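Note that chain A is present in both complexes that follow, paired respectively with chain B and with chain C.
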Partner chain A sequence: MAERSTPTLAVWKFTSCDGCQLTLLDCEEDLLALTGQVEIRHFLEASSRADPGPYDVSLVEGSITTAEQERLIRQVREWSRVLVTIGACATAGGVQALRNFADVEEFRSVVYATPSYVDTLATSTPIAAHVRVDYELRGCPIDRRQLVAVLSAFLAGREPDLPDDSVCTECKRRGNTCVMVADGTPCLGPVTHAGCGALCPTYRRGCYGCFGPVRAPNTRSLIRQLRVCGMGDAELDRVFHTFNAAAPGFASARGETDEPSQ
Partner chain B sequence: MSHRSSRHLRVGALSRVEGEGALRVRVRDGRVEEVQLRIYEPPRFFEAFLRGRAHTEPPDITARVCGICPVAYQMSACQAIERACGVRVAAGVADLRRLLYCGEWIESHTLHIHLLHAPDFLGVPDAITLARRDRAVVERGLALKRAGNAVMELLGGRAIHPINVRLGGFYRLPDPADLRRLREQLRQALDDAVATAAWVATFDFPDVETDHELLALHEPGEYAVDRGVLRTSGGLEFPVEEFLDHVVERQVAHSTALQSTLDGRRHLTGPLARYALNAQWLRPAAAEAARAAGLDGPCRNPFRSIVVRAVEVVHAVEEALHVLDHYQPPAAPHVPVPARAAVGHGATEAPRGVLYHRYVLNDAGLLDSVDMVPPTAQNQLAIEDDLRRVVQDNLDLDDGELTKLCERAIRNHDPCISCSAHFLDLTVERA
Partner chain C sequence: MTDRVAVIDHSALVELVGLLHAEGYVVVGPTLRENAIVLAELDDGDDLVSGWGVDTEAGRYRVVRRADDAVFAHSAGPQSWKSFLHPARRRLLSTDTSDGDLTVEPEPEPSRRMAFLGVRPCDLVAIGVLDRVLAGGRYPDPGYTARRDGVLVIVANCTEPGATCFCVSMGGGPRAPAGFDLALTERVDDAGHRFLVEVGSAAGEELLAALPHRAATDADLRVADDDLADAAEHMGRAMPEVDLRALLVDSRESPHWAEVASRCLACGNCTMVCPTCFCTTTEEVTDLTGEHGERWQRWSSCFDLDFSYLHGGEVRTSRQSRYRQWMTHKLSTWYDQFGSSGCVGCGRCIVWCPVGIDITEEAASLTALASREVGT
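Then we have the complex of A and B:
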């Protein structure tokens, strides 16, 4: 990061909705400034130019769901000095990891009318299950300000400052009235990773966990509170079973919902 | 004239499209033998894992089908499930939903026009290179895009996968002062949108004429976005509930994808279809922009879709301003939507065309089955037909130029492969 030549950037897509890489294009006011400081060498969604590596930084969107992707991600790792995963698919397997808890053959037969060869693995796995990841940006989708902050840190040659506290902390800092305490609205804020700026509670909605679990989430305690707010077993099961279903901190929470309520 | 008897064109990874696709064309003895738009985006099985979920969940979950048009998914889902439950939302809520949808049209179309499509006409690989040549025009585009995002951020909480949408309405209503500020931003955006339409009208367009059956929502009196019946250029009209009786997905021999047909024919949905069927209801500045851009009557040249998109951006900004000028806040942000055992259908105009959803709810309020038919799945056959025409008419070009032209023919339709793939069949060739 000390060299003065223009740093190079690559953006990669695996199994995903394109939303996180779109976030880069959504940095409207910063986009042109950014492109003056980094050379974007590979970004298929935005450019027909696709230059070979190595790259200083690779942003990786999406999860691994095919054998070909397993091969490609290892290549991307080799080509990249710093690899940053962006979004819930890349960091936790995404909503498509719901297949990990089901029979993928049965899924295939539901979506595809004619039995035929659909190339897919039985699981959707995060990038870190395959290669070393240097930094991760959480969220479904990632937060634009966090993306800009990370890229700026690289350009300034310093470590990115990524909070690892909870949405609950952000919400307090923002001065919101707690939706769970005041309205009895079920909220995953206490166990969900920060980064969104406590968006849902700010809109008087309970957090639904799209940034995935915070480190060491106390889901057992939260589940008791969610039951007080009126959630039953099936709802508890579903609420942890969405965009970060395969993230260990949420996947294990599902087991904790089985204990009988008091 | 072909300078060789047999040619194979391949593009391994299409660029400046959403999602992952590839292209293969085979020419023999001066005739196009085979054209394939290959989708290799891996499936994500939304329709499978939505079974057994609560009827309240599809607006959040189906948004994740597509990061570029999440509002379209949310709106088709809400419409279908509210209809199943026999609920009508308040007028003020319907207005805010329309406003949110306008935001997505502005954002998505402006992204496509400036960052994905315009580079094709100007001979540059991307908008970044374009900005070096003409920074003002890219900045104007980004400002316009920002206005679309501002609408989505105010009403949806964020531009990608909005969090404020729910069955029955919204979690929170927007603050009047924020709506006034948004109005100011959209006033400026209107000028930018008109200027953009004038700009794209100056491009050189390859001369192509297509004959696809066109399909769009149709609601007399308005340029239909979120309500109406389905109508075709052949004069057929049918209600949303009959969508699957007409639009049928089938597997084609040697094809890599399930392809939709409309009553057995290839069809096209999206800007060209909407403009052909509903142009008379464009708002005034959009109608004027269309005239000034030389669009008179239906446009059958897919390369000119960029002009139609630019006109639709003008319309969407005007429509958003119209909503803001007439908006009366509803009594509550949302109405309850109690589940019942029923089937519901929804169809709205995503930026790329008609997006159909169908949900079967059981009496426990859970989803028994889900069907989604996205626009790009419908447009596949039309895109392949365009490719066939473009290649056949330009065999004198060398492979590099012809391949570029093919990529352009695909980008003309702003294909959203991330969406379509989840419903398309994928074949993997194995040596």
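Then we have the complex of A and C:
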């Protein structure tokens, strides 16, 4: 068998809190195993070494909020054979995409002592709005097992298993009792993309949708039930407008919360 | 020779769990965990739920403290026996290439026999459905048969059906006629807390013989008959009295599917809690070195978009097509495929639907629309 050259990996940060990169560092023994399988050529969170591309895989954290980032992400795409976005910022624009629904000039003038220092676009947009993305890892932060699974699949030369189910399917497979039905706890699980392993409901908390919407979520119907569970207008408005506020499936829920309860 | 019908008290029921353990069974029964009565492996007889009932409605489940110590005065909970016979996740095989050659190790199936304590008559019917689906065809699922073979079944007949129960209208009832090792009918009154025990097999007879019991009197039998006849009259729900199999086929283009889809979340909860929904998918897992691989089977749902993915895309992209597929399969095409209905009337899909979609109401709506069509 021909000797296979060691695949190269790069990790990139755009507008984000670094939490998803930390998830990679938190992989502990898996991280050691990974460093035995790939050459990490660019990962500023972990090392000041920054070798030029091309790279076999790029993990991209963060959203695009500056003109400079708009340029850089195109370069990263060119340098990368496979591009994987990691986390809600990269896949949906993140919590900073709340600016998309407001006036950035107003924020800039109110929040910062010297507004002229702030160089920013009017919107925070996901990576896929700028370049082609091969795989998306959802979540705020991403799930460590999913990250390792995607990298393992890449190394084995197969498609990763990233099902587009609801959180409910993971919750039920874990044998959890539904918090909404049995406790009356509001939960976004039915409209939220799987991948976390139903982490919050496992601890009897309602899902708050950090993995973003499933494809074509029926938020209108869920909102009616969230009202039955005691959520009011302000909470409903807020619950869909956090880490995935600009994801189309959740952004459209804003109009649906205005509907009077039935 | 023991009696075929006897009476035991609550302490003998607790003792029964120990007796089953002594015989090497894994004993699974109803126990209170957080806010629900769940089926779980019992460490001892005191793990059995006691003194709790449930209040169910569409999209709502609450455990309720009872005035008595009844063990089986509750209806279907969040999971079914499917979780133990056809687990939500199961490793099928492991592979290893660390010494250069590929070795494939099939997953050994569990060898310990299970005893199911407190199987509801509807759930016993459901196990029969799973038997036909997973073990009845030309290619029985070895994972299923390994778990299913040798299961000891202790039925708990239903004296207090829930507001979401409709087994009677699905051809079943609160009393299991056969298919058990032992069947219990609970009674709590001034004369005490006791269980009428019917023997259904030699294994059941041996168990009963090892427990303190007395022969059942005519009065005991009459009381149980009356309680169960009464329960049959108190189903909280009923399917419309029509040919459901034909109704669903004839309703293929019904406008009602779009109405259901406006409420349906397509979250898959109904299929996960259904005691007969059996669909699975497989996933391949490798470690970072690539030397170790595993193949897993996990429950899948026809409500997932991925479920109908054929090369290039999904076939059932709309929610209405997915709800229609599920309900039509359950009530109609299941007959074509497996010779029976796929619904046993346990009501779980009604209770555990986060937005309370009620299969009996949807069937009634389809019936009303179909008859209107005939009338025009």
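The working rule: the second predicted complex is superposed on the first by the 256 of 262 C-alpha atoms of A that agree within 3 Å, B and C clash if a C-alpha of one lies under 4 Å from a C-alpha of the other, contacts with A are read in each partner's own complex, and residues count from 1 in each chain.
Everything that follows uses one rule, which is that a contact is a pair of C-beta atoms (placed from the backbone, for glycine too) under 8 Å apart; a residue touches a chain by one contact, two chains touch by 3 or more.
The shown structure was predicted, so the numbers you read here are calculated from the model rather than taken from an experiment.
Look at A:P7: by the touch rule set out above, it reaches neither chain B nor chain C. Of the two partner chains placed by the overlay, chain B and chain C both lie in contact with A:R204. When the two structures are aligned on the shared chain, A:P213 is found in touch with neither chain B nor chain C. Within the superposed three-chain model, A:C140 lies in touch with chain B and out of touch with chain C [touch as defined at top].
When the two structures are aligned on the shared chain, A:R49 is found in touch with chain B, with no touch to chain C. In the superposed pair of complexes, A:C17 makes contact with chain B only, with no contact to chain C. Once chain A of one complex is fitted onto chain A of the other, the partner contacts of A:P126 are absent, as it touches neither chain B nor chain C.
One of chain B and chain C touches more residues of chain A, and that partner is B.
Common to the chain B and chain C interfaces on chain A are residues 204. For chain B in complex with chain A, the residues that touch the partner chain are 13-20, 41-49, 51, 53-54, 57, 60-61, 64-68, 70, 111, 115-116, 119, 125-129, 131, 135, 138-139, 142-143, 145-146, 149, 157-161, 163-164, 166, 171-172, 249, 251, 258, 407, 418, 422-423, 425-428. Touching chain B in their complex are the following residues of chain A: 13, 15-23, 25-26, 28-29, 31-32, 35, 40, 43-50, 65-66, 69, 94-96, 98-99, 102, 104, 106-108, 110-114, 116-120, 124, 140-141, 196, 199-200, 202-205, 208, 210, 235, 238, 242-243.
Of all residues in chain C, those touching chain A in their complex are 33-36, 38, 59-63, 78-79, 83, 88-89, 261-269, 272-273, 283-290, 293, 298-299, 301, 304-306, 317, 319, 351-356.
Across the complex, chain C is touched by residues 30, 33-34, 36-37, 148-149, 151-153, 155-156, 158, 161, 163-166, 168-169, 172-175, 177-178, 180-184, 187, 189-191, 204, 214-218, 220-222, 224-225, 228 of chain A.
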